[in-house]
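Structures for review follow.
In the two complexes below, chain A is the common chain; its partner is chain B in one and chain C in the other.
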Partner chain A sequence: MKIKHFVEKVEGETELEFDFKNGIVNNVNIVFPFYRGIEEILRDRDALDALVITPRVCGICNHAHLLASARAIENGLQNAGVNINLTPKAISLREFTLYCEIIQSHFKWFYLIAMPQLANLNKLEISDNHILKASWANINTVKALAIFAGQWPHSSYIVPGGVTCDPTYEEIIQAEALIDDIIKFTQNEFLGLSIDEYYKTKEISSIKGDMGIILSMLKNQNMQEKGKSYDRFLTLGEHSAFTTGIYNQSLYSDANITYVKEHVQSGSKAKSVSYDNQFCEVGPLARAMLRKNNFILDIHNKYQDSALTRVCARMDELINLLIYTKDLLANLNVKELSCTLSKLPKDLEANGTGIVEAARGSLIHQSTIKSGKIQNYSIITPTQWNLSNGLEQSYGIATKAMRGSINTQEANFIFRTFDVCSVCTTH
Partner chain B sequence: MSKLSKPTLLWLQSITCNGNTHSFFSHPDFVALMQKFEIIHHPILNTKYTLEDVVKGNLACDVLVLEGAFKKNGMKKMNKEIYTVAKNYAKKAKHIITAGSCATFGGMFRQYDTQSIGGFCFDDEVPNEIYKLFKKKLISIPGCPAHPRWIGSVLSMILTHRQIPLDELNRPLEIYGYNAHVGCSRSEYYEWKIDASKYGHKEGCLFYEHGCQAPFTHANCNKILWNEVSSKTRVGTPCFGCTEPTFPKKNLWHTTTLMGMPANMPIGIPKRAYLTIAGIAKSFTIKRLNEPIIKYKK
Partner chain C sequence: MENYDKSLKKIFTKRLQAVQKLPKIDGSKSIIDILEEKGISRRDFMKWASYMTAYLGLSSSFVPTVAKAAEVADRLPIIWLHMAECTGCSESLLRSDAPTIDSLIFDYISLEYHETIMAASGWQAEQNLEGAIEKYKGKYILMVEGGIPTKLDGHFLTLGAFAKTGQDVAKEAADGAAAIFAIGTCSSFGGIQAAAPNPTGAVPLSEITSKPVINVPGCPPSEKNIVGTLLHYILYGTLPALDAYNRPKWAYENRIHDLCERRGHFDAGEFVQSFGDEGAKKGYCLYKVGCKGPYTFNNCSKERFNQHTSWPIQAGHGCIGCSEPQFWDKMGPFEEPMADHLFHGPFGGLGADATVDKIGISLLTITAIGIGAHAAISAVKPPKE
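Moving on to the complex of A and B:
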């Protein structure tokens, strides 16, 4: 039996074509219907134009695209023998603004997707408070980001060699105050626990607040047993808060970009991506596994790569990044240079790859620059990893996770645990 | 206001990155504002109707908000051409808001196929065949994305029946009557023609070499600031003219020059007037403006 289901809200639209066998989901075809041609728009443009064009791939992770495009140019310059030597200040500012973007995206996932959809699954009535909370958390997080990046969405403050801003301590203090407010909100509303208590607890059952409600709704739906995929994880972007590598059924190894391959999928405008011809999950759970985060490793030991484990990893990443952003601000030295490069050579020849961890996982930009102009540009987005349909012999990550679901509503929620971003997928 | 008297609002997306949705969601009064409408459909909010209901075309729509560029054929949702759906609701609506440069002029996503992709009523600055039909109820809010307050204020003005003076591209003058340079924290450097030679400094103007389009871009970004705290030029990034029908131009980080002078003049300033003043300003060396504003001890 075939059933079509339309996924909408928050990040574009996707069609799921379910194939049921004996009353359970046997296969799912994920269709992203529209292609927007960003890679073609970039062709023949000045190398630096990518810093303005690529954020427009996505309204929710535009900042990750900006950083990936700057890193691609920098990597190309390095390959051409130019030293970049980013200052610690520039690195920290880039990390700070990227983590803020991840934090706002995770808050939106919990309050705008998980809360209402789980309530629906559990047949519970909830008030509109979750929208107000998502709004508050979002406003303050992107405000902290905008102090340095100028605006959110669609900043272009990261340039080859550093950042364009030159913040004062007065501005850093303003950002610190905002982060403190968000931490208070996280303790009072999101966790119902102090951060210290959160780090001491070894049990997710002691988590209260909105997250406590979300976790109990997940347990009610038996999500600790559902949504399991290949238990294979990949993190490719280099950042101070993450560890790169691949995890494949208990084995850790280094990751190498040369194993990444894109495949055209018939009927969908999105290409699928594999690593060494295998599908890998990317995103918060992958990052927690590669980071050997004890709290998530424990949950993973009990429930493997279930929907519950995936959601817990997103929660834990939000908390860890929030606390870590404080360190980044505390250690900023305004006396250092913001940007170490001046103008790019007019006739620049460079081939480079920029890899970034975005909210939903590893994002890759590859650019070929000839005579200062973009000759070719290629983007692989996180959702291409998680949401691609299978190759002939194997199911895609999300499809594998949805198999065995008893109805489309449940499968749809499992699909959502990967945090769908359809605008990114069909850039 | 009783529940029945709330005007209905339908937010419809076409070819977009969702940037205007997320921008507007960062409005400090987003929730309070949205509660003043009966929301028929919205990309973030949970609504009574699904997109499947929307594309059937039978729902109420007092205020239509459009996001994203339009393609007459080949941009379907639920098997319906979204352009046709938008036109259908536009006929019903009392007010049509094009939120962002894509919905207004075609913007970023028009660049992929300028023959078939454009704004709802304009292709770049040229009115298209349906402009005449809708011009009396059309409000353009270009920007990539539109500033949260631009969308919020226009919705509030509609609710409170305030007059909204518009320019020839249907942009509200209270917002687009200014240029993005107004309020720039680097304006002294602009006045005295002192360039920011490198990125990453508080000092210097970005108009002469780095492609800043603020003096000829219709927007009040530096007057009301982004996310209530900053703007591109305040963090040393040039303005890319994202509210203009020409966005995105090419060579965005380089100033187009004619005989060593910026080719684009500030809005309404004759070239001769600009050159005269620039020549005089440049003939002086102002010591203070050639030094760092703040000197931290090593």
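Moving on to the complex of A and C:
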């Protein structure tokens, strides 16, 4: 039996074609009916134009794209023998703004996706207050980001060699105050626990607040047993808060970008991505596993890579990053240089790769620059990793997780635990 | 002036009375009730209204009228469509910008169809859209985000179970609309997907309907420009005064350059020569590192983004010209000054009127030469230490 299901309310539209066998989901074909051709548009443009064009791939992780495009150019310059010495200030500011983007995206997922969808699954009525909470948390998180980046979405303050802003102490204090407010909100509304209590607790059952509601709804749906995929995780982007590498059924090893390969999928406008010909999950759970985060390792021990574990990893990442952004601000030395690279040569020849951890996982930009112009540009987005359809022999990550679901509603929720974004996937 | 205000107020009052007679979409609660429920007092609401009044260029005696306009907004159904885009405009409107009251009004009032925030999804959502178009035929306000792909008969973007093309959905929705707003540069002018070589044949909304389209460009536009355009429609019941590219004049009349906080440095010939240099530390003018402020019509220098927090120029990066037609092709390279690259887009004139386009461009070209010359002279004459 085949059933088509449309996932809207994502950024863009996704189509899931379910194939049922004996009353359970046997296979799912994921189709993104949307294409814009950003990579084609980038060709023959000035090398630096990638900085402003690539963020337009996605209105939600636009900042990750900005950073990836700057890193691709910097990596290309390094490969061509140019020294890039970013100041600690430039690095910290880039990290701070990137983490703010991840935080706001996670809040949005919990309040705009998880809350209403889980309530639906559990046949519960919830107040529409969650939209306002999402809105409040987002407005303030991106406001802290915008103090340094100028605006969000689509900021443009990162350039090869550093950043363009020169923050004053006053601006740093403003950002700190905003982050403090968000921490308060997280304690009072989101967790129902103080951050200290959160770090002390070893049990997810002691979490209260909105997250407590979400967790209990997940347990009601038996989500600790569902949504399991290959238990294979990948983190590629280098950041102070994350650890790169690959985890494959309890074995850890270093990751190497040369194993990453894109495959064209028939019938969908998105390409699939594999690492060493295997599919890997990217995103908050992958990052927690590779960081050997004890809290998540414990949950993983009990429930493997289930939907519940995935959601807990997203929650834990949100909190860890929130606390970490405060450290970044506290240690910022405003006297350092913002940008250490002057103008690029007009006839620049460079091949480079820029990798960034975005909210949904590893984002890769690869650029080939000839005579100062972009000859080729390739973008691999996080959702391509998780939402690929699979190759002949193996199912994609999300498809594998959805297999065995008893109805489309449940499968749809499992699909959403990967944090779907369609505009990103197709670009 | 007093007489003018009086007659204007008469027009507004008449219009608002007419709107008020329309049935409420959700009869149970008024906007004021909803705001109060969410902890926003009447006083906060009036503060917001006085802000919007100033914003629309009206005198302070209009504050109650503007407040009234917002209160009756729940009589006008809005349909918001997503075409080929990145959802950045919705992000700007609903979540990242403020005053939050703007977002509230959009979140809770008469937004009949908005994919990102509505509760329904899948089949139900599609029915909502068709139902809304049918039910409010001739009465609803259509807001479209994103460019419209036309190549392959529009199959680069399909929506819903019957794989309707974006083009067909937009056309149908435009046919029954009382007023049409193109939100963001993609919908106004085609945007990034329409940049050369335009792989999907993306066109602006104005090219697929013969009805007038008000363009609210920007990548993203500020939410004040979106809400302001809506309030203007509620107050006047007519389209606002528009410029050659169908942008509301009250928002897009001045250049970024005119009110830029770094303008004094431009006039004094003090420029950032490369990012991270001494000039950058001192907040000098960004023209030489690619700022397109002198050629861009928008109010960012006054309104900024994210609750007036900041804007690109404050963060030390030039304006990229994102509210101008075909800026992706005409304004690049984006990190270099315009002077060497006078407008030579790969397309002819799109937008409202080709003739006006040409005049507009030649006017801008003269300005560009002037600005370029000024920057060149100042390079010879080193800025004072």
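Before moving on, here are some points about what is shown:
Note that in this section the second predicted complex is superposed on the first by the 426 of 427 C-alpha atoms of A that agree within 3 Å, B and C clash if a C-alpha of one lies under 4 Å from a C-alpha of the other, contacts with A are read in each partner's own complex, and residues count from 1 in each chain.
Note that a residue touches a chain if its C-beta (ideal position, glycine included) is under 8 Å from a C-beta of that chain, and two chains touch if they have at least 3 such contacts.
Being a predicted model, the structure only gives us computed values, none of them experimental.
In the model built by aligning both structures on chain A, chain B clashes with chain C.
Contacts of A:G209 after superposition: neither chain B nor chain C is touched. Shared-chain residue A:Q151: touches chain B and chain C both. After overlaying the two complexes on the shared chain, residue contacts for A:V334 are found with chain B alone; chain C is out of touch. Legend: residue contacts after superposition of the two complexes on their common chain; A:G404 is shown touching neither chain B nor chain C. Once the two complexes are overlaid on the shared chain, A:T168 sits against chain B while remaining clear of chain C.
Residues 6, 8-9, 11-13, 33-34, 36-38, 40-41, 45-46, 48-49, 51-53, 56-60, 62, 112, 116, 131-132, 134-135, 138-139, 142-143, 145-157, 159, 161-166, 337-339, 342, 423 of chain A lie at the contact with chain B in one complex and at the contact with chain C in the other.
Residues of chain A that touch chain C in their complex: 4-9, 11-13, 33-38, 40-41, 45-46, 48-49, 51-53, 56-60, 62, 104, 108, 112, 116, 131-132, 134-136, 138-139, 142-143, 145-157, 159, 161-166, 269, 337-343, 423. Residue ranges on chain A touching chain B, taken from their complex, read 6, 8-13, 33-34, 36-38, 40-41, 45-46, 48-49, 51-53, 56-60, 62, 90, 112, 116, 128, 131-132, 134-135, 138-139, 142-143, 145-157, 159, 161-166, 168, 174, 334-335, 337-339, 342, 423. Residue ranges of chain C in contact with chain A, taken from their complex: 38, 82, 84-92, 94-98, 100, 103-104, 107, 115-119, 121-123, 125-126, 149, 156-161, 163, 191-193, 195-200, 202, 219-220, 274-277, 280-281, 283, 304-307, 309-317, 320, 322, 328, 332-336. Those residues of chain B that touch chain A in the shared complex are 13, 15-23, 25-28, 30-31, 43-46, 50-52, 75-78, 108-109, 111-113, 144-145, 197-202, 221, 226-237, 240, 242, 248, 250-254, 294, 296, 298.
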